[in-house]
Every structure is written in structure tokens, then in C-alpha cells.
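Structure first, then comments.
Chain lettering (A, B, C, D and E) follows the sequence in which the chains are written, and residue indices restart at 1 in each chain.
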Amino acid sequence: SEDIKLAVTTSFENSGLSEVLLPAIKEDIGLDVQLLVVGTGQALRLGQAGDVDAILVHSRAAEEKFVEEGYGTYRREIMYNDFVFIGPAADPAEIASSSSAVVALQKIAGTAPPFVSRGDDSGTHKMELSLWESAGLDPAEFADWYRAVGSGMGASLNTAAGLDAYILADRASWLNFGNKADLALLFSGDPALFNQYAFLAVNPEKHPHVRNDLAVKLETWLTSPRAAELINSYQINGETLFTFNAQPR
Amino acid sequence: MTTILPLRLEDVSVLRKGKRLLGPVSMTLSEGGLTIIVGPNGSGKTTLLKVMHGVERVSAGRVRWAVPDEQAQHHQSYVFQTPIMLRRSVADNLRYPLQLRKTPRDTVETCVADWASRIGLQDLLKLSATRLSGGEKQRLALARALIRRPEVLFLDEPCANLDGASTRDIERLLEEAQQAGTRIIMTTHDLGQAKRLATDAIFMLHGCIKEAAPAEAFFDAPQTSELQAFFRGDIIA
Amino acid sequence: MTTILPLRLEDVSVLRKGKRLLGPVSMTLSEGGLTIIVGPNGSGKTTLLKVMHGVERVSAGRVRWAVPDEQAQHHQSYVFQTPIMLRRSVADNLRYPLQLRKTPRDTVETCVADWASRIGLQDLLKLSATRLSGGEKQRLALARALIRRPEVLFLDEPCANLDGASTRDIERLLEEAQQAGTRIIMTTHDLGQAKRLATDAIFMLHGCIKEAAPAEAFFDAPQTSELQAFFRGDIIA
Amino acid sequence: MSDIFEGLSAAFWLVVTLDPELLQISLRSLQVSLTALVIACAIALPFGTFLAIRRFRYRRLAISVLNALMGLPPVVVGLIVYILLSRSGPFGVLGLLFTPTAMVIAQVIIITPLIASITHQAMRELWAEYHDLLISLNTSAAQRIRTLIWDGRRNLLTAALAGFGRGIGEVGAIMIVGGNIDNATRVLTTAIALETGKGDFALALALGFVLIALAIGVNICIHWLSRTEREGRW
Amino acid sequence: MSDIFEGLSAAFWLVVTLDPELLQISLRSLQVSLTALVIACAIALPFGTFLAIRRFRYRRLAISVLNALMGLPPVVVGLIVYILLSRSGPFGVLGLLFTPTAMVIAQVIIITPLIASITHQAMRELWAEYHDLLISLNTSAAQRIRTLIWDGRRNLLTAALAGFGRGIGEVGAIMIVGGNIDNATRVLTTAIALETGKGDFALALALGFVLIALAIGVNICIHWLSRTEREGRW
């Protein structure tokens, strides 16, 4: 069988979906997908350097820049999940009853309970920053309660668990996370929290050695009905995590 | 008068890797005098001294002082055949045994100055002891042993690397110590020195005590043929 | 006949931390004979020997062999005052200098067996050399030096820890070596031994050569008052 | 490749402009690692020396275990410390998690076995030399340990420096127990990991070079200090 | 707290059921770290010994730098090795990135300074003892190094074990250059980091305990082997 190297972000890996998809890929098209689980920025760098054959991330602006600069040929949306607000079960900021994500953030800023930010320029972090912006707030002006921890999704959740803090996470990572401690899912469902994953094959013109043929094969599979079925039916504790939304080309 | 003697060895043996370094030895070391141990190389003199002093483990038998070991250890000093120098200055080497006993500082300093001049190292006090010449090391080791004012003093060939004048000086020091009540047990290969100093003597061969007698009888009328041969310079272990 | 002699020392000095260990020394060591160096402790005998042999760095002056240093070094051996034992068995200690020269294996083994029995250590071949008694170490060090068949042999008090019989044996070995053409330079505190062996002698004091003469003149008619005092046993460095 | 040069020049500019954030995290790195070093030395030097001088039944086993503990994976140490210090853990009430103190604790656990092992090795030799003399002088165990540590201090330097090196370069454990919180527990190594994750390799390398320069600086200081002591063999 | 016990029992079950995946990543851990150890020793033992025996102009500086290199942050080493081995780097054509070979290279860089430093420290003492004899016997530098390494081999054990420990517990560098790819470059430490990220502390701890047990096992083996050699002082 053949190997393809795919760089993914920590939130994708932490969701556990890969453990369902990879064996199926192997079975269906005989491809060994080697996952490199790294930060969003690092994933893009690996793609730029030609060290991986494709990347799967969720940070639209960065993805578009990647394609623009010619490192990738195009961007193919595969699926989405959503971001959720996690926080202490007691919910001191009372965000559970918020009408929207922006309101939730305003409440948090109002009560100033500990809040953990990824702080690592990842897709999740960028989403959080854009939400603050929509809420008319600037994290740079926050006091000590706002903690930029500069780590991956799992590590940040661990820190939030330790601090009993609020945090923005993707639903998949949260459901698959084992160290929930006192934390609970407090708010979700605002369309603003939509989280799109996209697949980008590395441009073979920039890096002739990359296995673009395999990347295309993988992309074809990822956008196939079989993938749709697996992705849509992936559940943890009875909850669906991802929604397949690839458009046929 | 020492308080820790007599020392009794009861059937003491030292075995290492199945080899017998010290045969079964039984003896009593009572108060007063200066005992010389002679014997060819490798006959076990050093081993015997170390066993008495308690730095060499015995494989069988018992070593008993008149008082409990812990207490007895306090009143003994030992000068090793190859001097062991602390990696410190000459002065710090002399200070060390006194510091162990928490002697007040000025007593320490007077003692050190006193002993340094007695052994003729007063000009080298600041030198690292490991850099001393062979003979100087031996003298320092002796002073470091005597500065503890031991009741029993073990010396393993203390004059091997000394020049004539130093040897004479050391012998004088030893006589002084002896008069002050220190019991001395020493090995030497210098039969002249043995005769000059001994009040009684021991002859060792192959790890055993072959002959032990008061000095006069030992040197003038050796009983065993081995000791006679040794005096003639005939035995090589 | 050696090929590396004469050895010339030209105004050699050794200074360490501003202290002069060896005063300016000039001398020539020519072929044949056995030179004995005597002097009180700390007078610089060891330093002088080491300078000649090239293991001690000189601060001023020059040490010159008849041939380039690298080559000269090949034909010398040295027995240190405190024997340096490799942390290996007695046999491996004897093998080592031969192995350095890539001597064929069976030659090595015959040589080792031969020398071990000459110095009476044939029964201890497998023992770790660091466990030997003081005298045994000295004999091993000597054999390890002689096994290289040196043209020039430096000995620093090789008999200090030896019993009478061993001393006699070693002296015999040295005479043999000398007859076989080895040039020997040695220090000793045993004036009897000095007289027995020397063809010429050097007296050192405070790092300088005070007197150097053929043996007879040296021992029977010492010129300087210091050497006379030394023979009387009066000088303590 | 160009990243490396960019990193070097970025490091240069960070340093010459005395970037205040860099200064802060560098100082925190130093503070955490030096504190951990002092504590670890206070434990490891006597303990390693003790192992060198005392024969007891399970000594060999103890030494093997100590040597094996040098391989304690930092991530596991971090995890255990995290569990112990977390609110639901036994020491949760102390509120130490995500503070420099927690980072010091983790580092102490990681570097103590290393320092103790090297100490043991260095002291074994010196003990072989001093053995007879110290027994003859009827010293207590404490006196022996003190004497060996003092007279062998030059040899222990390597032990301490190895410990410092491992501490200052460590990231796995302090990431977990410190949390890499900006302005609170971010140190050089966690900042490097962060920049690496962001894909900003030049900045990561720049911080790395600063860290290496710091380590070299500390080492040269220490060597220079120990040089003012007497030169030569010992 | 309960995580720790769960971890212990999970470790126990993983081991008794001989979990095939565990076996695979454990073997890979061992393989990478032992290979790195052998290579690092081949470089560091002679080099550390050389530093102990040779006086040259910048010797002190060289030793300081060596000691400082013990503090090389693994993440930085990983990054540099990554940049060099990356497709767009100078050695990209070799295709070594994300292979066990790359992990070995990174580990060699990390542990060599540590082993060399400890070697230097251990050999200095032995050299002081042998100095006069080896000079007197007119040995070449290579002969001196060989003699010291051989006669001091028992002291070098600590150096090697410290290097092994640092290697087997290391995660920062091999994560970057190995990529933690399942079935290809995943080793125990990267697996632990992964499980920690998932918040599955029990499994992470279980893997950690397996790793520690492995390290203890290797150490006891080595000690036992060196025990079959002659007992005692040396």
C-alpha cells in the first residue's frame, strides 16, 4: 500500500474522527494516511515546505492565503462542526442563557471569571478573536482573568479544567476530551460558531516530489458518499460531531 | 596509660576471593611499649594493622578492645603506607581531625602551627597537600595522626620515603609520644630502625604471626628458622 | 651502548606559583654507569628526574637528548616514587607497554611470564594491580619499566617499601640491566644502597645540584659542608 | 534554511532592542530553572554522596532505579504533578497549579535523579581515595558526606550544570503544570513551542538562540567563578 | 488522584495482555533511543576523554560550551533538524523527515553533549592518576583515549545511562522531526503527549509507567551485565 502524509490540526485529531476514517480509507482505496498532528500555522508551514502531501485545517483566511501564494492548488471544503463555550458547571457568568455568542462573551467580560484563550493563532483562536471583535471588545485590554495559554486544543482544555475557566472549544474536541473535571458545555448553536474544515493538496508544481496523485485520490474519497456517511454518523455519547458538506465538483 | 587497651584478636582471618590474606591470628596487645611488625612483602603486615584499627573487615574471628568499638575508635590514629592526602592545603589537612572534634578555632590554629613546625612543613602550609614530595606527605600524615593525641597509634612504614635526618626526627617524635603514653604499633622494613625503637616485635609470614617476642629476644635469639632466614635477608615471600 | 645519550640539561629551572622547585641546573649525563641522586626530602630529586624524563614541564632552560625527543622517549622508562598502577590485573599491567608497541601475542605472553617470575609475582598475575601490597606494587612497576628494555632507566626510590630480600633481588636485576647496557639514574634514601650501586652520585639541596662526583670521591671525600652534614644525618631540608 | 538565518537575525534584534517581553520570559526561565537547580542540588548532592559511601542491602537496586529515573519522561512528571496539584487533587487547596512554583516542583523532580546519579558517580572515585582515612578518623556519615562534597566540588560542577541544562531546556512538564500562560507562566521553552506550533519558525529559532546564549552565559559565569578558585588539578 | 491508580492498573493490563500496539511503539522507542545512544557514545566518549587529556588554548571555553550545550532545548534541536531535513532544506532530497532516522539524528544531537560532559568529568580524575605513567610510556593520543575509556568504563556507565534516559524520555524534538505518525514514528513519549492532549490521563499515565518500567529494565540489565564483571572497587 502507499503512504500519504496529511498535516492536521490538534482539534481534528482530538475529535477522534480520524480513528474512524483512516481504517476505512485504507480499506477502500488502500491508502495509508500518515497524520501529522500540529498547530494550524505549523500545518501550513509543512505544506509550504512540501513536507506533507496535503493538509486539513480550519482557518479560512490562512487557507486562502496558502492557495493564493501558490502552495496549494485549491481549497476543498469537506465538513464542519461548531464551536462551543465550555465553562464551570456553576456558570458564574450565566452565559448558558445567552441569546448569541457575542452576548455570551460580553457577559464573560462583564463578570471577568477566568477565561482561557488558545492564544496560538490556530483556527479556534482566530474564531475567538473575531467573536471578541464582534462583541466590541479587545482581549489586549483584559486584565488577569484572560489567560492566553498558547497551546493546542487538548492542552488548553487541560488548563481550563485546572483553572475552572471558560474556554472556546470545538465540539468534537470537547466531547472526546477525557479530563472534563468541573467543566460543562454551556453555550452552543449560534451560527456564528460554525467551523469549516477544508482539504488542501500541496501544489505539485512547487514541489514535484509530493504525491499529488494520492492527495487527489484521498480528496476524492473524502468527498465521496462513503465518507459522508462515516462523518455524519460519527457520534460520541449519542451526539453527532461533524456535518459533511463537500460540494461535488 | 591508655584506657582502651588491651586489644584482643581472637582467631581473626581475612579472606578475599577465597584467598587467605591473614591466617587465623590470635594475639593480645596490652598497654605500654612499642611493637614492631616485620615480615617480607605481602606477608600481611598492612592487613593485620588495618584489622586491628578496624578499617579492614574481618572474615572470621573477633577484634575486641577493652571499651566499645565506637569509643575505642576515638582514641586511635593510623598512618597509611601510601599517605592519603585530603585534596586541601597542608594546613587544612592538619586542621581536619581537630575540626571533626569541634575544637575551638584558636586551639586549632595553635596546634596546627605547632605541628607544622615540628615536622618541618611550616613554609608549605598553604600548598595543596597533593603536591607535596613523597617524604613531605609522609611527615604530614604522621602529624595529622598525632594531632589527635591518640592513645594507640598505628604506623605503616612511616619512614619509607624519609631522608636520614627526617627519619631521626620522626623517631624522636615517636619516642616523645610513647613517653606521653601513646601505644605505638608499627611496621618497617628498616631492621636498624626496628631494633632502635622496638620494645617487642612480631614476625609475619604468609599472613600468620610466626614469632612474637620482646625486642631483645626477638633480635638476638630468633627462634624460628624463617625469622633467622629473614634476618639474613633470605626470605622472599 | 645507548644511542640516545648524552642528555644535556642547560640552565633548567622549574617554577610553580612563583616558587622555584628546581634551581638552574646544568649537567650532562653521558653513557655508561649508574647515577645515584641523594638529598633531603623536598630537595627536588623527583622533580629533576621527571624533568630529565620529560614528564615535568620546564619553566626555563633546555633538555636535550642526542636524538629528537620523540625518538628518545621511546627508549626510556621511569618508575615513579608512588607506583602508578593501571586499574587492571597484574598481568595486564605487564602486558600494557608491550601491547603499545604492537608486540606479537606470544612474545608478550612469554615476556610477561618471564618477568612475573623474576619479580616473584607469578602467583598474583590475575589479581587487580591496585590491590597489591606496597612492596608488590613497587616490584611490578619496576618490571613494567624493564619489560620495555629501555636504554635509559629512571628510578625514584624503587626500594622504599621493599623487604631486605626483595631489595637484594632488585639490586641484582638492576646490575643485570646495567650490564646489558641500560643507563640507570635513581634516587634513594638508603645510603648503603647508594654506595653499593653507584658509579657516580649527585647531591641535591633546595632544588640545586650541590655536589656531583664519581661514587668513590662522593662518598669517601665529600667536598661541600652540606653533603658532609647530610652524611652525618644532620640536614633537614 | 533561510529560517535559520532569519532566526539568528531576529534573535539579534530581540536582544539588542531589549524586547521587554523577551526579557520577562527569559528572566522567568532563569528564575524557575535556577530555583529548581538549587533545590535539586540540596537534595541530590547529599543523597548521591550517601549512595557512594554507604553499602546497604539494596544499594545496587537503588542505584539502578536512580539511573532509570534519569529517564523519567517529563510529560509524565508534568501529568502527575498536574494531577496532584489540580483542584480535585490532594494538594489542590494550595492553589499552586499554573504558577511558577508548580513549574519548579516539576523541574526538581526531573533533574534531581540526574544530579544524584552524576554525583554518585563522581563521589565513588573520591570515596575510594578517602575511604580508609575517613573511617580511620572515625567520622560520622554526615561528616563524610560534607567532606566529600567539599573536596569534590569541582567534580560536582558537571552534575549541577547537567541538571541546569536539562531544566532550562525542558518543555513537556512545565507546559502541563505551568500552562504557558502569557504574562504568568510563559518561559522561553514554552514560548518556543508556541511559535513552532504557529509555524513562525524564525521567531521560535530566535527564542531558541536566546535560550542557548543564556545557557552558555550561565556556564561561562560559573566556570569563570570556579576559575577564580585555585587553578590546576585540584 | 484516582487517575494515577487507574493509570497503574491500565498499565498493568496493557502489559499483561501484551497489547500489540504498545509492543510496537515500545520497541520503536527502544530502537530509536538505543541507536541514538550508540552513535552518541561513539562520538562523545572519545571526545570527552580527549577534552580531559588535551590542554589547548580554548579548552576552558570548549568545556563551557559543551556544558552549555547540555541545555540545548529539544524543541530547538527538533526545529533545526526539521529545517535541514525538510524538502526545501539542504538535505531534503534524502527524504529522511518523519522517519525514525530523523528522530535518531535529533536525539544524537541532544544527548551527545550530555554524555561528553559527564565523560569529561569522569575521565579528568582518571587522567590525573594515569597522566605521568601514560606520558612516560610515550603513548599516542589515541592510545591514551583508548586506555582511559577502557579502564574507566565503569565510570562511563553513568554517562551512557544519563544519555539514554534523556533520549528515551524526550518528546519535544522527536515530535517535530518524527511527526508522531501512527504505525511509523509514534513512540512512547509522543503517544503520551497525544493522550494527554486528549485528556485521557489514565492511558497517558499507563504509557508513562510502561516507559519508566522499560527504563528501569534497561538499567537493571546493564547493571547486571556490568556486575558479572569483576565486583568491587574496580
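The criterion applied here is as follows: a residue touches a chain if its C-beta (ideal position, glycine included) is under 8 Å from a C-beta of that chain, and two chains touch if they have at least 3 such contacts.
Bear in mind that the values here come from a model prediction, so they are computed numbers and not experimental data.
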- Note on the structure: Co-neighbours of chain A and chain D resolve to E
- Message: So using the touch definition from the top, which pair is joined by more C-beta contacts, C-E or A-E?
- Response: A-E
- Task: Would you kindly tell me how far, in whole Å, the mean C-alpha position of chain B lies from that of chain A?
- Result: 81
- Note on the structure: Chain-centre distance (mean CA atoms) for chain B and chain C, in whole Å, is 28
- Query: Distance from the CA centroid of chain D to that of chain E, rounded to the nearest Å?
  - Reply: 17
- For chain A, which residues are shared contacts with two or more other chains? 152, 155, 158, 161
- So which bits of chain E are touching at least two other chains? 88-89, 196, 201, 233-234
- Tell me, which residues of chain C touch at least two other chains? none
- State which pairs of chains touch, listing all of them. A-D, A-E, B-C, B-D, C-E, D-E
- Query: Taking the complex as given, what residues does chain D use to touch chain E?
  - Reply: 1, 3-4, 60-61, 63-65, 67-76, 79-80, 83-84, 88-90, 113-114, 117-118, 120-122, 124-126, 128, 155, 157-159, 161-162, 164-166, 168-169, 171-172, 176, 188-189, 192-193, 196, 201, 204-205, 208-209, 211-212, 215-216, 218-220, 223, 227, 233-234
- Note on the structure: Per the touch rule above, chain A residues touching chain D in the complex are 38-45, 119-122, 144, 147-152, 155, 158-159, 161-164, 181-182
- Item | chain B-facing residues of chain D, complex | 129-133, 135-139, 143, 147, 151-152, 230, 232-234
- Query: Quick one: in the complex, what on chain C touches chain B?
  - Reply: 16, 39-42, 46, 81-82, 120, 131-136, 139, 156-157, 160-169, 189, 191, 230, 233-237
- Message: Looking at the complex, which residues from chain B come into contact with chain D?
- Response: 50, 53-55, 73-74, 76-78, 80, 84, 86-88, 96-97, 100, 128, 130, 148
